[in-house]
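Each structure below appears as structure tokens.
The same chain A turns up in both complexes below, where it pairs with chain B and then with chain C.
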Partner chain A sequence: MATTPESTSVPLAARGRRGARQGVLARLWADRWIYLFLLPTAVLYSLYTIWPIGVSWWYSLLDWNGFDQHGTYIGLANYREVLQDPFFWHAFEHTFVFALISVPVRLVLTLIVAVMLNNPRMPWASLFRTALFVPVVTTTAIIGIVMQFVFDPAGGPVNLFLLKFGLIDRPINFLGDSSTALYTVMVVHVWKWFGVTMIYWLAALQTISTEYYEAARVDGANAVRVFRDITVPLLKPFAIIIGVLTFIDTLKIFDLMLTMTGGGPYFSTEVIDIFIYREAFAATIPRLGYASAAAVTFGMLTIVIAVVQLLAARYAQRARRTS
Partner chain B sequence: MKQGAAPSIRSPRGRRRWSWSPGIALQVVLLVALSAIWIYPFLWLVSASLKGSLELFVSGLDLVPKHWEWSNYSRAWNDAGFSRYMVNSIITTAATVLIVIVRCALTGYVLARYSFIGKRFVLGVFLVTIFVPEGYTIIAVMELSRQLHLLNSLLGITLALSAGGHVAAILLYTGYFARIPRELEEAAVLDGAGFFEIFRSIMMPLAGPVTATVAVLTFLGAWNAFFVPLVFTFSKPELRTLAVGMLAFQGEHSTDWSGMAAAATLSLIPVVLLFMFLQRYFMEGIAGAVKA
Partner chain C sequence: MTPNSTRGTISRRTLAKAVGAAVGTLALTHPLGTLAQDKVTIHWWDQFLPIAPLEKKLFAQFHDKNPNVTVEYKVYNPNEMGQALQLAHKSNQAPDVSTLAGIGLPARKLYEEGWFQKLTNGVQIDKSLPAGSLLEGFTNFDGDIYSFPTFSFRQYTTLNWFNKDLMKLTDSDPETGPKTWEEMRAAAKAITDKGNGRLFGWIFDLNFTDRIAVHLDELAQTAGAPGGIDPKSGEYAYATDPYAQAMEFLLSMQKDGSLFPASSTLDARAARTRWATGTSGMFFDGPWNIGVVQSDLKEFIDKVGVAPVPRPQGTSNLIHVGPQGGTFWLSAQSKHPEIASDILTLFTTSDYYVGLAEQMDQPPLDLDAVDKANVHPTYKQAVGFYKNEVRLGPSAVVRNPAVSLVNAEMKDIHPNLGEITQGVFSGDVKDYQAALKTYNDAMTAERDRALKVVQSKGQRVSQGDWVFANWDPAKDYTTEMYPKGQ
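Let's turn to the complex of A and B:
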């Protein structure tokens, strides 16, 4: 065998051939199968993930309309403009308002439902779980278009329903009014991705042995106490990672936003992805350099936030272990 | 209950009795209401796809159509080109799933079972780039595709969907292959099986469950993809996938609600059906993110 598995169970003869003194080249040659296996991902991932990350920095320094083969180098001018562009900061604000409201709502609602469904005595639990999960598998862009009709002021079922039960006097133009559009998309977003966070919680809840609950029941603890004193402490390590995953998910709202509102009305729902799309693809004169600068700026901010969250999670876990 | 080793997310039924205590009954009522809200848009969609354009506006909240307008479907399928879009979606999705499985299984296998020069570097690169958002890379991916002359082709869309990212799939394979006992491959080595032969005839078959999970999750991502096929088909409408075709249809026939509902139903049916049959893999694939 040419290569050495990590553990010690390799035939001794093979190990002897590859002592510590062996040259690097000989080792690389001996491991040629390994590198052959890595090759497809190495080539494709380098081209389609690593290269784009790197070259975006270069693009962001260009004045480039995409029709010409090459752009002109203009230094940091794009960044200066991005940082002063009210549309960028509005998009930034919309993205984070969206996340800061919908993430906690999603986390809390899904946790409540997951706790209910995790009860082994709950009738039809798997049926409910399926129903709440179905939107997750559907195409977001198509849902976005369908939801335009569902929330339509003239014939959409939401307005018809609210009118019928006298909850409103005249139809609400949910998506056409800049004060309601962002929140309407948030509602649809929570509806669409509810099942994912619910499944995260259920997976976490399944790690808690039912014996805890049975013991608590024998001791006569009520549901609220069980939740507070057993479920919550045991879920804490999961809560942070579920929060991070849900948050990262929420930054990717391009599909839903473009198809439901297109960023309108009056840019009131323009999130970062839409901003980039508008500058790079939808404008009459695309500005690829400028859009790249916006993408890099936002990507950096996102990575900083994700890293801070993960560090906080590590810290919390370590604090738990030592205490 | 099963042992804790593999916490399946199926609800523990079996011998356990359902309870109908007042507390539970109240929860059931809440869950029924919630599920109804969750399912309603789909019922409305299917109902709208079977109504005439006029009836759609007059009938209000009634879900059952008075006249079943099947012509909506033929209009979407033939006139609006959804038969074409369906084929494009199937091709790009199937090719994406295949590429992702092959490249991620190969990578996950060597990362899990061998040490080699550069291993830490490879793992480090994956971990650093795992969360890079699509909006960040899309401009460069398009420019790259233009230079490779892949911009207006299904192959270009497929590569843009499958070549980058998918680190989670690699890590799933890595985790699984690391747990397979050594003895299995030692026996094969004694039988004279080579490196690739061991992978193909022993390891890959054992990794069936991971392959199923990766296939399902990749299918979901590729079938529902929107940003990439949207920007790749600006100048070639005949390459649109279902999701992009829907947006184009809406742009061209904004008043044809029932035609659009039929098109949307056609696009959503395959994925919902697949979900119904393979529920377990969908949910366990997603739950895997937390357990890992």
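Let's turn to the complex of A and C:
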């Protein structure tokens, strides 16, 4: 029987797939030690990150107080309630105000300090680097409690300092006044995590060859010019990832906010983490389903905002190129 | 003897081995409790840090009489205990005995979810308690006894604890303190004025909204409120004048500048510690305040005085409280209900009540034990105030246990009473009367919704269960006063 191209194509394709499969298996086998060592991380990540995320999607469809053996399936009712809950939107607003102010402040300040510490002529650079990193490794809850005393209106060092130098005529209730509480926590948050972003910048700065700086100086560029025309352009790719990491960090402020203000006074510092905690654990009758719906909604809205931001940035970039 | 016959016989050695193995197997596999000398560990969780030494003593006594029984006792932070219990029950690792601190769900609902088992010696425990201590819906479910109270219902949380040294700066008696709202306000202002910016008249734990809600409620009761729900009508009473008057009274001390400036960030523990540093004159707290001062702030104890909850001039309204629920609960997961129940009987003796009083926490079920106990004079004073000023109010749950299902169905309303108070002090709530009205209406609507849900599940419950036409504010509402035939 004559063999037609059609009849031979099937076994060839099958052979190709088998070959590819064997290739994948062979590669897996060849890299078995890599996968073996990755296994613990993969298992733990699945157990403690992927599984809770997945299960919270399911919980968000239930009316469940956590004590009943089983929740009652209520469809999207929790989501409808979340979207109409003014406390959710206040918490959403506080979270984003917190991020929108503290992320740029942290990025700029840490970059300035990192550039200074990256200068080989800077004395005691290692000492300053360590000192600025110490708050990062200090327990957040302890920092929160200590900061209550630092900002205390009755004898706290910040108020004493401001009074002594005549900057204020009566103590400021930094954490007890809803107009100042959120900003006070921002200051502490930036200070607490300053070291991490600074280390990111230092790592990025160390990828820039010193030859560029030397060449610029030979050409007569001053420090500002060197920074603007060499450092900043070469740091741009790193800036995006450092910005994203800092933003993610800033969304995780539960422990600091809980210990410093507990979300008060009168919900003025209630960020989304505190809102979820209040509904899930601090309520008289816990609402795990509702809290899960709030968490999922917040996650989805954050993704939407990030995507819109990305698309807008690309559009702006394209428009700039075209013009 | 033939070889065949020897195969059918058992030697004495073989018999001894077989019996030994059987006994050993039995000892290893038989349920605990039938073999008296089996090692038994009872796991016990509660949040009573001040009375932990007393409990440890009782457990040690029980161990001395029953050497095979050990109690593994853990004192939790009340905030963490609810979550720990929730997780323990889910993973089948619940302690044999625990309190229900940190769990907002009514005990009846937990009973229905299979959390508890009944006490094996309920009848014996019932006999050792004052009449009326055990109530259906609180300690008993479907006629069986599941728990019992160890503390007296006759207590409130808004005692006015004061610094006797600072009270000397005022017109009030430094030994007895201010009695009325007007006297307290004046005393707070006098301390502040004479303190030259270093002393303040009053410290308030504004960052503990659950607690300040209690304070507001009790102050409102001194102004004539019947409590959060009016037993005469069954309606919520938060929008009535006494709540607004109580708020106005509290706010007046802030307006005078008498409020300790850091109050807005303080919970009860932090406020107590700051008060004990001598920078503020007065502090609202329950009877346990002196117990904590004695254990943790001892150098301050001689300066401590106590006055009853302040009240508007010329009034003598009483504070009404609900019945006390069970303190300790026997888990359905416990494999040693008899032993755990036996240990629980130690918490019903007069010696225990005296010991409990001496820890100066909540007053013991038998208030007379306080007279026999070696306690700080202010604790005796506080219990004396309670005897005069506190009355047992009616409970809709006692009347109809299905009411607890309505309570369990009700979602939290925000801002609640404590949050409104916090907002008033921070300036975020400008019109507190409107806020109280909104809260009152929201609670009413939520109860109506919860009632419908519970009714739709076949329960016979209605708003009428909260109405007690025969309630007399001057008297305790005892079990025989509940409407019959419900």
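The rule we apply is simple: the second predicted complex is superposed on the first by the 255 of 323 C-alpha atoms of A that agree within 3 Å, B and C clash if a C-alpha of one lies under 4 Å from a C-alpha of the other, contacts with A are read in each partner's own complex, and residues count from 1 in each chain.
Here is the rule we use: a contact is a pair of C-beta atoms (placed from the backbone, for glycine too) under 8 Å apart; a residue touches a chain by one contact, two chains touch by 3 or more.
All of these numbers come straight from a predicted model, not from anything done at the bench.
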{"item": "Chain B versus chain C as contact partner of A:S268, first or second or both or neither", "value": "second"}
{"item": "Contacts of A:L182 with chain B and chain C, given as first, second, both or neither", "value": "neither"}
{"item": "First, second, both or neither for A:F67, with chain B first and chain C second", "value": "second"}
{"item": "Chain B versus chain C as contact partner of A:N173, first or second or both or neither", "value": "second"}
{"item": "Which of chain B and chain C A:A154 touches, first, second, both or neither", "value": "both"}
{"item": "Touching partner for A:V226 - first (chain B), second (chain C), both, neither", "value": "neither"}
{"item": "Chain B versus chain C as contact partner of A:R27, first or second or both or neither", "value": "first"}
{"item": "Touched chain A residues, chain B compared with chain C", "value": "B"}
{"item": "Contacts of A:F281 with chain B and chain C, given as first, second, both or neither", "value": "both"}
{"item": "Contacts of A:W191 with chain B and chain C, given as first, second, both or neither", "value": "first"}
{"item": "Set of chain A residues, in rising order, touched by both chain B and chain C", "value": "148, 154, 281"}
{"item": "Touching residues on chain C, where the partner in the complex is chain A", "value": "82-83, 86, 103-105, 109-110, 113-115, 200, 206-207, 209, 260-265, 274, 279, 408, 410-412, 414-415, 419, 422-423, 425-429"}
{"item": "Chain A - residues contacting chain B, complex", "value": "1-7, 9, 11, 24, 27-28, 31, 33-35, 37-38, 40-41, 44-45, 47-53, 55-56, 59, 113, 116-143, 145-150, 154-155, 157, 160-161, 164, 191, 194, 196, 199-200, 202-204, 206-207, 209-210, 223, 238, 241-242, 245, 248, 251-252, 254-255, 258-259, 272-273, 276-277, 280-281, 288, 291-292, 295-296, 298-299, 302-303, 306"}
{"item": "In the complex, chain B residues that touch chain A", "value": "1, 4, 7-13, 16-20, 23-24, 27-28, 30-32, 34-35, 37-42, 44-45, 48, 56-57, 60-61, 99, 102-104, 106-107, 109-110, 113-117, 122, 125, 129, 131-141, 143-144, 159-160, 162-165, 170, 182, 185-186, 189, 195-196, 199, 220, 223-224, 226-227, 231, 234, 242-244, 246-247, 250, 257, 260-261, 264, 267-268, 271-272, 274-276, 279, 282-283, 286-287, 289-291"}
{"item": "In the complex with chain C, residue positions of chain A that touch it", "value": "65-69, 87, 148, 152-154, 156, 171, 173, 175-178, 261-262, 264-268, 281, 283-287"}
